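Some structures to go through are shown next.
Presented sequentially are two complexes of chain A, the first with chain B as partner and the second with chain C.
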Partner chain A sequence: MLAWGTIVWGGGNDATREKAFTLIMFVGLAGSLNILLGYTGYVSFGHIVFFGLGGYMGFYLLAGHGWSLPLASLAGGVFSAAIAGLLGLAVLRLRGAYFALATIGVNEAARAFVSNFEPFGGSTGMSLNFSTYQQYGGAGKALWLTFDLMVAVTAAALLASALIKNSRFGLGLLAIREDEDAAMVMGVRTPRAKTIAYMASAFFPGVIGTLYFFKNGNVEPGDAFQLNMSIELLVMVMLGGQGTVLGPLLGAVTYQGMRGYMLTSPLFKDLHLAVAGAVLLLIILFVPAGFVGWLRERFPKLRGVLE
Partner chain B sequence: MILETRAVSKRFGGLQALKEISFAIREGEILGLIGPNGAGKTTLFNTINGVFRPDKGRVIFRGEDLTGHPPWVAARRGMARTYQIVRPLKELTVLENVIAGACFGLHALSIGKAEDVAAEVLGMLGLAGHGRQPAGSLNVAEKKRLELARSLAARPHLLLLDEVLAGLNPSEISGMVETILKIRESGITILMIEHVMQAVMKVSDRLIVLDDGELIAEGRPSEIMNNPRVVHAYLGDPRAAERLMSASATKS
Partner chain C sequence: MGNLISLLDGVLIGFVYGLSAMGLSLIWGVMKVINLSHGAMMALGMFFSYQAFSKLGINPYLALPGVAVFGMLIGLLIYGVAVHRVLSGPHLSSLLATFAVNMIIIGVGTAVFSTSPRNIDYSAGAVVVGDIRLPGTRLLAAAAAILFAALLYLFLYRTRSGKAIRAVANNREAAELMGIAPTRSLALSFGIGTSLAALAGGLIATFFPFTILSGGTYELKSFVICVLGGLGNPLGALLGGLILGGIEGVIPTFMPVSWVPVVEFGLFILVLVLRPGGLLGEK
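Let's turn to the complex of A and B:
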């Protein structure tokens, strides 16, 4: 991750940076989804709602109240985590398919709400005044700052997921994934553990959303709550290996590479979501543990090294 | 008294699963819980450790009223249980399963300390060589021992065993019986549901008998075998009656 950031920083080329920005963003999003999906086994189909809501809140503070980018993006993350904490009280009582459906509902409800919420600009959204970039020393510098922060937040998301996985709290989450009722009887405070995991996995998308919309200069409901992005994140996590730390990184890089190829190929350019669906189906049927999980099963010696 | 239930009742829709059950276990005792299928034995376990909330009555554990508390409270106060149908955390390794037991049990150990406890317990149950294996890959007898290991790693005061002998062959049963006696020697009180009569008669200090949600008898194994209400209850379930009779025959 950092090595990659360094290559981009060293090169200093805008086009490479733009490509890397999207990729690193998806690594961060997939890594944070994995904290919920991979560790607790709760499949959030609408996880992008936290990217959208956090992004909206952060953007609102940037554009409307003149907050600085680092502070506003942090606030976006905290806002997403708080929403997840509240939502969790309701939706985390549901299990399996019911939970997955509820998360889609939440995403659609958030989109509908924001589209009609005037302080957030309603259905047309909000734009940044170009002069905002001046306080960062011009648009060029502002974009570099956004990139640096994106690398930092993605690294933080992966670090958090590694720390959680190797902690006592993480072991409780894995127990929930394997058998929630047995986990409860073993002494895991399941509602609290699930809520904290949900909040952690919502925090990073909120930060990332703010950075993304700042870079774009505008935010609108159609961009913020794209269900297809949610599904692509699931594909990335499943492809790389849910519940592993490296899986989402590998999955996001592989999927983005594939998507990049498809979007530029005349044959596949309108079919990339269909292909994503087919890939998801194949993973679930044949390699449910994903790439990293498969490696761990195939070569047990790697278990110690490959998290 | 380490555990006491006071007139505990539980109803599921039209089924009165437990009717005013009152009993107590002394510290260090092995109390056998027997009764025909569907008598409410597992429901009683689930009511004791908080999976179900009783409709009426109280559950007192080590002087504290645990009625209506969620199951993790019972676990953290020192109550551990195993399941009749084993529930290993399949994708985790055997060692991780047992570490989890220690982490969330009575002492809420850190991962590092839990690992030491886990290694010790795995050794005691003859699973030391399986630590790195996924729990799902064990055979039935090993899974049963894993369940026991996980619950022992919690260092409980009271262990609820739900048919740990079911599905084991005779030599595995005698091994498990020895393990149970060893656990008691280490100072853990045991409440066990069991259908393998010979074994439960042998290890229990006292027995309680449930039938159709009611506590119909309580006493030493020899008293229970000759109790007319117990024999009658089991005659409603011929296979169980046969097992009871054969146990009584070998005993005398």
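Let's turn to the complex of A and C:
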């Protein structure tokens, strides 16, 4: 990913940067979802709610209170994590499909609430005053700064994911995934561990959301809480291999590449959604462990290398 | 007076919502799968009715048996291709497998029908009692929903196949030991579930405009209803439908209509967390 960043930085081309921005954003989002989904096995179907809420909060501070971008995006992340901490007290008691359903409900409730919440601009959302860009030395420089921060936060998300996986705390999470009751008996403090994992996986989307909406210059409920995007993230994690550090990275790159190809190919243009669905179905039916999981199963020697 | 009419109107639509939620609830109750292609099936039901009405001139209510059979066949196909293999897997597999089916249906549907809005231009007059005036299509749709709900109950409690489905829902292994072929029951209940979704879609199409993407909204409503009534409890789902319809009818009389989803999903999360068995279920 750093290699990618270097190519983009070296080239200095705006179009390449835009493409790389979206890609890196999805890597970061999928990687942070994986902290909850891959390690604890809790399927957060509406995970995009943290992208939306954090993005809204950060944007509100940027546009309404003149906070600087790094500070506002950090605040967006902290806000998302705090919401996850509070929500977690309630919804993390639910298991399996009940939890998945609850997270869909949370996303829809948040979308409906924000559409009515006047300080956040209600259903029309908020937009940035163009003069905001001046303090970053013009719109062009502001966009480059956003890109740099996006690379940094995505790298941080993947690093956090790797550190968690190899820690004692991460082992506790994996134990919860395998058998929550047994983990509890073995001394894992499951409610606390799950809540921390939930907060960690909510923090990064909050930061990413702020950066994304700053780049767009506006935020509105329809863009912030797209259930479809949430499910795309799940697909990326599945595709690459849930519970692995590299999986979400590979999954996001593959999925984005495939989508880009199909949207521009005359053959698949109209049917891109159906083809993506068929590919997803084939993966679930035949390669449920994802790409990295499959490699690990197939070539045991790789297990030491591929995390 | 206005409030009463809004409430009645909401409750009538609530029967149709309830019918759709019954399908979702049945599938969950029998095989613990949340069918994320439910909304797409509703959209297919809408378009089946629309095609029958606009191309062949068939009355949308007379087309309902056709919609039911169509929904059943598609459901059996989905079960065979996508659901059967993931039943024993983790929840994520069945969620994503049915979502993949949803993507395929919506994708093909968008290519064939585009996403421009349609409506079935059919009027069944209105019934006027005193000051209350109710559109005929709503009354007919509610009556049809009640009829199909009753048929489902007769089927589940009075027929051999229906009893087998209930036995499989109760305990799959024990049912198998008693000589019930579980795969047949599972496939059949999935087919009934999607058939109810298509029927509800066909009914909704008679009074609201729709696109191929409309199913998503109604699918979310079905989730809320199922949770209110208790997941896996089809009768509770019908009751949940009435509650949701009532809420949708009454809230706009004293609050901006845009608050309706906030109340709905707030209630959804509260019930899920506090009473996961549903309002009727045990605590």
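By definition in this document, the second predicted complex is superposed on the first by the 295 of 307 C-alpha atoms of A that agree within 3 Å, B and C clash if a C-alpha of one lies under 4 Å from a C-alpha of the other, contacts with A are read in each partner's own complex, and residues count from 1 in each chain.
Definition applied: a residue touches a chain if its C-beta (ideal position, glycine included) is under 8 Å from a C-beta of that chain, and two chains touch if they have at least 3 such contacts.
None of the values given here were measured: they were computed from a predicted structure.
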{"item": "Chain B versus chain C as contact partner of A:86, first or second or both or neither", "value": "neither"}
{"item": "Chain B versus chain C as contact partner of A:178, first or second or both or neither", "value": "first"}
{"item": "Which superposed partner A:43 touches (first chain B, second chain C, both, neither)", "value": "second"}
{"item": "Touched partner set for A:139, first chain B, second chain C, both or neither", "value": "neither"}
{"item": "Partner chain in contact with A:168 - chain B first, chain C second, else both or neither", "value": "first"}
{"item": "Which superposed partner A:94 touches (first chain B, second chain C, both, neither)", "value": "second"}
{"item": "Chain B versus chain C as contact partner of A:187, first or second or both or neither", "value": "first"}
{"item": "Contact breadth on chain A, by residue count: chain C or chain B", "value": "C"}
{"item": "First, second, both or neither for A:159, with chain B first and chain C second", "value": "neither"}
{"item": "Contact residues of chain A, present in both the chain B and the chain C interface", "value": "none"}
{"item": "Of all residues in chain C, those that touch chain A in their complex", "value": "28, 32, 34, 81-82, 85-86, 89-93, 95-97, 99-104, 106-108, 110-111, 216, 220, 223-224, 227, 231, 256, 258-262, 264-266, 268-269, 272-273, 276"}
{"item": "Residue ranges of chain A touching chain C (in the complex, touch as defined)", "value": "37, 41, 43, 45, 90-91, 93-94, 96-98, 100-102, 104-106, 108-109, 111-113, 115-116, 123, 227, 231, 234-235, 238, 242, 270-278, 280-281, 284-285, 288"}
{"item": "Chain A contact footprint on chain B (complex, rising order)", "value": "49, 51, 70-72, 75-76, 80-81, 83, 87-92, 96, 99-101, 103-105, 108, 110-111, 114, 132, 150, 154"}
{"item": "Contact footprint of chain B on chain A as seen in their complex", "value": "166-168, 171-172, 174-175, 177-179, 181-190, 243, 300, 303"}
